[in-house]
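Per-chain residue numbering starts at 1, and chain names A, B, C and D are given in the order in which the chains are listed.
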Amino acid sequence: MTTTDTGAPAPSETVTENTTHGYHKQKDEHLKRLRRIEGQIRGLQRMVDEDVYCIDILTQVSASTKALQSFALQLLEEHLRHCVADAAVKGGAEIDAKVEEATKAIGRLLRT
Amino acid sequence: MTTTDTGAPAPSETVTENTTHGYHKQKDEHLKRLRRIEGQIRGLQRMVDEDVYCIDILTQVSASTKALQSFALQLLEEHLRHCVADAAVKGGAEIDAKVEEATKAIGRLLRT
Amino acid sequence: MTTTDTGAPAPSETVTENTTHGYHKQKDEHLKRLRRIEGQIRGLQRMVDEDVYCIDILTQVSASTKALQSFALQLLEEHLRHCVADAAVKGGAEIDAKVEEATKAIGRLLRT
Amino acid sequence: MTTTDTGAPAPSETVTENTTHGYHKQKDEHLKRLRRIEGQIRGLQRMVDEDVYCIDILTQVSASTKALQSFALQLLEEHLRHCVADAAVKGGAEIDAKVEEATKAIGRLLRT
């Protein structure tokens, strides 16, 4: 999963509505959340740089982790509501694949 | 992309050994880790912005959370080795306070 | 949530196939898993009783927690595949309620 | 880590104070907690057996996991207060080994 090619144009799939993903409508809210988390991480760098007491840094780490998991949960809810529900409506084998994929993603979140 | 005034002199408390905290020696390594995590969070913003598939975003969230917890664990290890061990050597009531404080911090990490 | 009235007959809803829940088919496997976890918890009691070294007890706690989460994930997968997918096919407002309910359950698992 | 030889008498090391571990004094409280968790796991078996709704079972799994982590935290606190602090007082290389061991145990708890 590369996140580097920002110079490249966005893939054409993002243009048509059919292929946008579940979280499309909440995009602005997601970006706002992530920018706040980025700010927390920069805050952590300042804390380390200024020799803040370890325990206070750990408290800030917990807050950042919680914020990341809260973002993940919202993304997951939209994914279930759109992608997984769509697969269920379409019928066929796709729903099994979608559910398995979502469960694995939840498992990765749980293990961190 | 650091936000710290590195040109400014380090706060005087970092000069004397008594007031520096356990993670002092690994400072550069910590800052490097945190900058990498900051890069991951910016990568998440790009992914949302480019309508990347939800599951791939969730995988990246898991990686960032794991990196944050790994940073927390290292900080905690240094805290136990220095601050908590120092309190034990000094004796008195401080060790109880330090251990309780560390346990609460671990509890906060566990709950996220 | 009490689970005590085992003397009472199983509710009639368990008889007809329509109302059984997603995990019905894996029932035996689930019960086997849970009995194994129960054995792990009894093992923990023996360890405490025999003054086993703290760290070894903590390792066993991690194993039990992992086993519980693994059970939860399997239950969740079956729930998504059956209950949530069924709601999606039926259409209407139920899918939103089901997805919100599942997300909240995942959130509770994440926070532990 | 076997926990099976319950027929055997407790090892003699539990008699002298030097070899008992940090959690010794809270032993009864620990055993009470673990028996309560064992009851929760048996409750889960009843729920599965009676086809209780998946989400309610997941809620009970979260409660059991939380109880296990709470037990682990208390054990860890006593371990830090006794075994780790003792090693710090004794001086030498043992404190490094003890802190590393404790950190690894915390890491295992975090990853579940």
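In this section, contacts are C-beta pairs under 8 Å (C-beta built on N, C-alpha and C of every residue); 3 or more make two chains touch, one makes a residue touch a chain.
These numbers come from a predicted model, not from an experiment.
Undergrad: Using mean Cα positions as chain centres, tell me which chain lies farthest from chain C.
TA: Greatest centre separation from chain C goes to chain B.
Undergrad: Return the distance between the CA-based centres of chain B and chain C, expressed in whole Å.
TA: Comparing mean C-alpha positions, chain C is 34 Å from chain B.
Undergrad: Hey, how far is the Cα centre of chain A from the one of chain B, in Å?
TA: Roughly 21 Å, centre to centre.
Undergrad: Find the geometric centre of each of chain A and chain C from their Cα atoms only, then give the gap between the two centres in Å, rounded to an integer.
TA: 25
Undergrad: What residues in chain C touch two or more of the other chains?
TA: Expected reply: 69, 76, 102, 109, 111-112.
Undergrad: Line, ring, star, complete or other: which describes how these chains touch one another?
TA: complete
Undergrad: For chain C, which residues are in contact with chain B within the complex?
TA: 111-112
Undergrad: Flag every residue of chain C that touches chain D in the complex, lowest number first.
TA: Of all residues in chain C, those touching chain D are 1, 3-4, 6, 10-11, 13-14, 20-24, 27, 30-31, 34-35, 37-38, 41-62, 64-66, 68-69, 71-72, 75-76, 78-79, 83, 101-102, 105, 108-109, 111-112.
Undergrad: Chain C touches which residues of chain A in the complex?
TA: These residues of chain A touch chain C: 69, 73, 76-77, 80-81, 84-89, 91, 95-96, 99-100, 102-103, 106-107, 109-110.
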